[in-house]
Amino acid sequence: MSGVWGNNIKLSIFGESHGRAVGITIDGLPAGIELDLEYIESEMRRRAPGRNALSTQRQEKDSFEILSGFFNGRTTGTPICAVIWNSDQHSKDYSELKDLMRPGHGDYTGKVKYKGFNDYRGGGHFSARVTAPFVFAGAIAKQILRDKGIVVGAHIKAVGNIQEENFDSVNLSEDLLKELVKKEFPVIDDNKGTEMQNLIIQAKDELDSVGGIVETAVLNLPVGIGSPFFDSVESCLAHLLFSIPAVKGVEFGAGFDISKMRGSEANDEYYMDGDRVKTYTNNNGGILGGITSGMPMIFRTAFKPTASIARPQRTINITEGKEAELEIKGRHDPCIVHRAVPVVEAAAALTILDLMYNN
Amino acid sequence: MSGVWGNNIKLSIFGESHGRAVGITIDGLPAGIELDLEYIESEMRRRAPGRNALSTQRQEKDSFEILSGFFNGRTTGTPICAVIWNSDQHSKDYSELKDLMRPGHGDYTGKVKYKGFNDYRGGGHFSARVTAPFVFAGAIAKQILRDKGIVVGAHIKAVGNIQEENFDSVNLSEDLLKELVKKEFPVIDDNKGTEMQNLIIQAKDELDSVGGIVETAVLNLPVGIGSPFFDSVESCLAHLLFSIPAVKGVEFGAGFDISKMRGSEANDEYYMDGDRVKTYTNNNGGILGGITSGMPMIFRTAFKPTASIARPQRTINITEGKEAELEIKGRHDPCIVHRAVPVVEAAAALTILDLMYNN
Amino acid sequence: MSGVWGNNIKLSIFGESHGRAVGITIDGLPAGIELDLEYIESEMRRRAPGRNALSTQRQEKDSFEILSGFFNGRTTGTPICAVIWNSDQHSKDYSELKDLMRPGHGDYTGKVKYKGFNDYRGGGHFSARVTAPFVFAGAIAKQILRDKGIVVGAHIKAVGNIQEENFDSVNLSEDLLKELVKKEFPVIDDNKGTEMQNLIIQAKDELDSVGGIVETAVLNLPVGIGSPFFDSVESCLAHLLFSIPAVKGVEFGAGFDISKMRGSEANDEYYMDGDRVKTYTNNNGGILGGITSGMPMIFRTAFKPTASIARPQRTINITEGKEAELEIKGRHDPCIVHRAVPVVEAAAALTILDLMYNN
Amino acid sequence: MSGVWGNNIKLSIFGESHGRAVGITIDGLPAGIELDLEYIESEMRRRAPGRNALSTQRQEKDSFEILSGFFNGRTTGTPICAVIWNSDQHSKDYSELKDLMRPGHGDYTGKVKYKGFNDYRGGGHFSARVTAPFVFAGAIAKQILRDKGIVVGAHIKAVGNIQEENFDSVNLSEDLLKELVKKEFPVIDDNKGTEMQNLIIQAKDELDSVGGIVETAVLNLPVGIGSPFFDSVESCLAHLLFSIPAVKGVEFGAGFDISKMRGSEANDEYYMDGDRVKTYTNNNGGILGGITSGMPMIFRTAFKPTASIARPQRTINITEGKEAELEIKGRHDPCIVHRAVPVVEAAAALTILDLMYNN
């Protein structure tokens, strides 16, 4: 079992890549929220495939249909279910995947777990397509947070070996986050962005793929969200982030690098900025003792390169129990990092919203 | 709210550093398990303070008392509650902590969250002492897994800038893990271990502290544990790990480095080893699609340097709303990484056990 | 928040009476179960309106569409979402319900809870129509239990003052339960059934409604399902039953009458039937200490008369804050007890299945 | 698994009748609540045994020790664990219970569920003694509700066949509830109370036991607590009530009798009392659509007669698989209804508090 998440808002996710639809039910949202449908659509587009040479050519409009919990333009307070119908499916491309396990995918582990009954077409429930309804839910969460003055934003920190600088964790501006969300390829330094995109194209030309890192920030959080045990902000957010396909690492603030610091360097010393408590540095990424400190919340999420590559790969035929060679056909992203940005933002917004509703 | 975790086994944790006791209730364990009390005690000792110059001199024996769920040497199937009484408390050392917020600790965020009513002595519920009952629970989980042939082990991958090699993620031997658990300072390369310990002593002498990285492995896991959404092995394990005080990063398999690889390099290609499915590499750390693959499960956990250092630090007096200087008194660890090893192992064992009991 | 239930299987329910659809997501079902679609449809028909003079004339076919988790005729092990589209809606009938609160319904309490943003048409999410997807889920649960030899069945114990005998709680036969499920109006004594139906027609003619009692049994349960605290079989089942609209009472075994017995009478004494443990009586309804005893599980559920009646009623205009008179238009059931039978059975089957999957 | 309950406050209960202690951890209470320890003690005394001839002579003071979450007289906001040490145990009285299954108890079902490893002494975790920590938690909940003006109270509606009148569900006064709580044997009509007590003594003299019904009311609840699906007030409260040992029936408002009414009678018509919405009748017991209506919340809980009686009973020797005769020794209550009153009130208060903290 896996498809339900949350304490105060609950998500129930469903769907397979080549089934009838993917969708989500969101329970626990307040009544009376006027949903900004255009905004939700724009968030869906940020994740949608087929926009340019950097992404798969699968042409899904990713338009959602709300089935419940929405009346006269507003939330009713009862569960909202939204579905995204599947349409542009080339299921035949996947017929051999019944037997040949794609390296780096959940084909083999899913086959064993579900005793061979999982829907293998396009990865089924393991497909990144399941993140589409998750982005729908995240867009609503971001809208609610926005109305409270809380801003969520992210940039592509790295694609392969090409990195740009981290966010300024102390003086990060809302304006920067708002600019980033408008960019099709959200980086702080567009020159670096061009390099990253070139690397993606190059990998594609070489029938290969690349990974990367998304760095995310949340600004204007109140102090006091989260808990020491077991629902630290880091715990709850990492839980959601590691549900996103291809994520293999999550770090907060200085992250792994903080392990190399001395305490005297890592500790974020306090000062008063008028009557607000601030820290000179922000190595803890805005979270202390599992609880928000009021400083910018910062975290990084590592994505592996897309597992689907066109090169021949050594694998097994699970039905025959023999080794085999696989050439994956179909349309695939040479990199999913840029499409993952709104997914990561959704995880941040949903986690924060769920924790904010704690008594 | 924060103190409850789990689906099939549920942990409920409680206690403050300088209160009456810390403890845990474990619900959902099978009936009839003969608890290996000596083993549990030995695990508690691995975490206990006061053993050597590397740790705080607080002398807590960390002996537990089981209050329920245990009869005639075996689990009854009903909830097990165990407490660890607090004894060697120097609460006076902490009297000024009511006002002066220690940098790097949860003092300030806890103060705001709990409106000033939290038990500030020794960090209260934010204290790493709360991990003692967690290790108790983890020891039981490890014992149950051990009886199923599953082995959990860890080494100190890094202290500050001093690193040793990662585990061999493909051919990791049980023997190595079993050796590590016997070491007071568990490293693969004892020369590196000596360097690390020297660095800790040096930091202590400089009234400072150091952080580090723990790398953990789980061997002999069956294929098929975990779920794609939202309870991937990574999700559930990261959730627990990020509850451990001082953890700021978690990565699986190649982790952040996988983001620099090409897909053709990152993908773990399959082969048959007799009738067992294996992969030539293990960049995914034994988890694919959120589900165990049967390869060694590998993850790394980054710890920040101990926040309590004896050097003067800039802080605020929260009561007066003014800036202040703080010199932390009391007994503190110059490094908590070696004491954290059984805590991380406990998180791994409890997560795996909880997921294994899924229908 | 309310729409999620369960531990080992999780239900997430959504939808409004006059919205786009009602539906449910079921998470945690085993993979590979060949769904008996005809059986599920037949269960849906048992609940569906418009079949005869005893029910509302709303003509909903209640046919379901499975959106996920179902592939090649079998469950995949990932969440199953099913929707039942709304079609035959006379929303105009309900326009005055925006202001006039129907006595006995959730109109007023929902209005306050959801700050006036709930979908009031046909009761919205409070409508008994939401039980349609619940019956879908229950039919799957019953199918799985059936394959384990476990039989769920029910009869209409009472309509208004007309009662028939209780089940024989000691020697209840499977055959009787199987016969009952085939009846459009499931009673043991068809003469009593005729009286009940006449009473319903009479109430309808008088622009009024009647309530009743459903008695349900589950046979062939293994011993050992359920827990003492807090998940007794009674606890978990009552939780679901009291979610069904119009339920105001639940009792197990001898129920309220057991409070009048002496211990020497109420205690079910044991004997050996070959190597099976049985009791001479079954006042505890097959549950002792919250756990199934292997004797027939028996419980009764009290339904209030349909709140929607055509007679003029005194109420308030919530918008104006004034008293008013209401004549409810639209099509309504003079009695919902017979349509509730499969809903109650669904609650029993889902509870048992969820508890059976406990580790 | 069973020992954890709640969404916004979580209870984790543990302990066995003749083990080291029984206890509870309460998570999610607000910080800064000044606990009224005298009040909590007085509530514990209401449940405690050994007070008079009506109860078992086991002399447990039921004094609690708070281990965590309590500092300077106030809640800290972190989990509160309290234990009640076991002392006056006559475990030898129970030695034969290892083999002989007491009719009406959970001995047999627990034996099977826990594979013979349960602590059988005094019923172990099945003992009503486990309700002592539950009353501790309930007393805190009642104190918090009291500070919000919400009053919980109950009377013994029936012992055996002797009944007194129900509460006036429309005009129930706070004063009556406050008087009842002061009575050792809480009834509205003390003459009826004397009859009930005589019946209890008579049953005791006949080596037998009697059951009864507790009727409970909650006054001054805000409108809007609870949810339609799946967390109606009735659902959540019944869940807790059916965890209390010996409860076999729960009904709200007119309860089972509402099934005999016509809709025109059962529907509670509305009127305006100044600017407050009220109903002329209260057959729904203050709950409509699963949500509080602002009218008095009323429910009744049926208790079976104490299962432990001194008379010889037919049973089985589970070890030998043979029929046997049992004469239960030890000290037992001829009736537990009066001692159950604070337990039922605790269930009401905890349910209401948990639901009130919903976002």
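Labels A, B, C and D are assigned to the chains in the order they are written; within every chain, residues are numbered from 1.
The rule is short, and it goes like this: a residue touches a chain if its C-beta (ideal position, glycine included) is under 8 Å from a C-beta of that chain, and two chains touch if they have at least 3 such contacts.
The structure displayed is predicted, hence computed values, not measured ones.
In terms of the distance between Cα centroids, chain A is separated most widely from D.
The chain pair B-D and the chain pair A-D differ in C-beta contact count, and the higher one is B-D. With centres set at the average Cα position, the gap from chain A to chain B is 26 Å. Each chain gets one centre point, the mean of its Cα atoms, and the points for chain B and chain D are 39 Å apart. In this assembly, the C-alpha centroid of chain A lies 46 Å from the C-alpha centroid of chain D. Looking at chain D, one finds that residues 1-4, 7-9, 13, 28, 78, 113, 125, 228, 358-359 touch two or more other chains.
Per the touch definition, chain A reaches chain B in the complex via residues 1-5, 7, 11, 13, 101, 103-110, 112-113, 125-126, 130, 158, 160-161, 203, 208-213, 223-232, 234-236, 238-243, 245, 247-256, 258-272, 275, 277, 279-280, 283-285, 287-293, 300, 302-309, 311, 313-316, 318, 321-323, 358-359. Of all the residues in chain A, the ones that touch chain D in their complex are 7-9, 28, 30, 78, 228, 357-359. Within the complex, the chain B residues that touch chain D are 1-4, 8-10, 12-16, 19-23, 25, 27-28, 31-32, 65-72, 74-81, 83, 113-119, 124-125.
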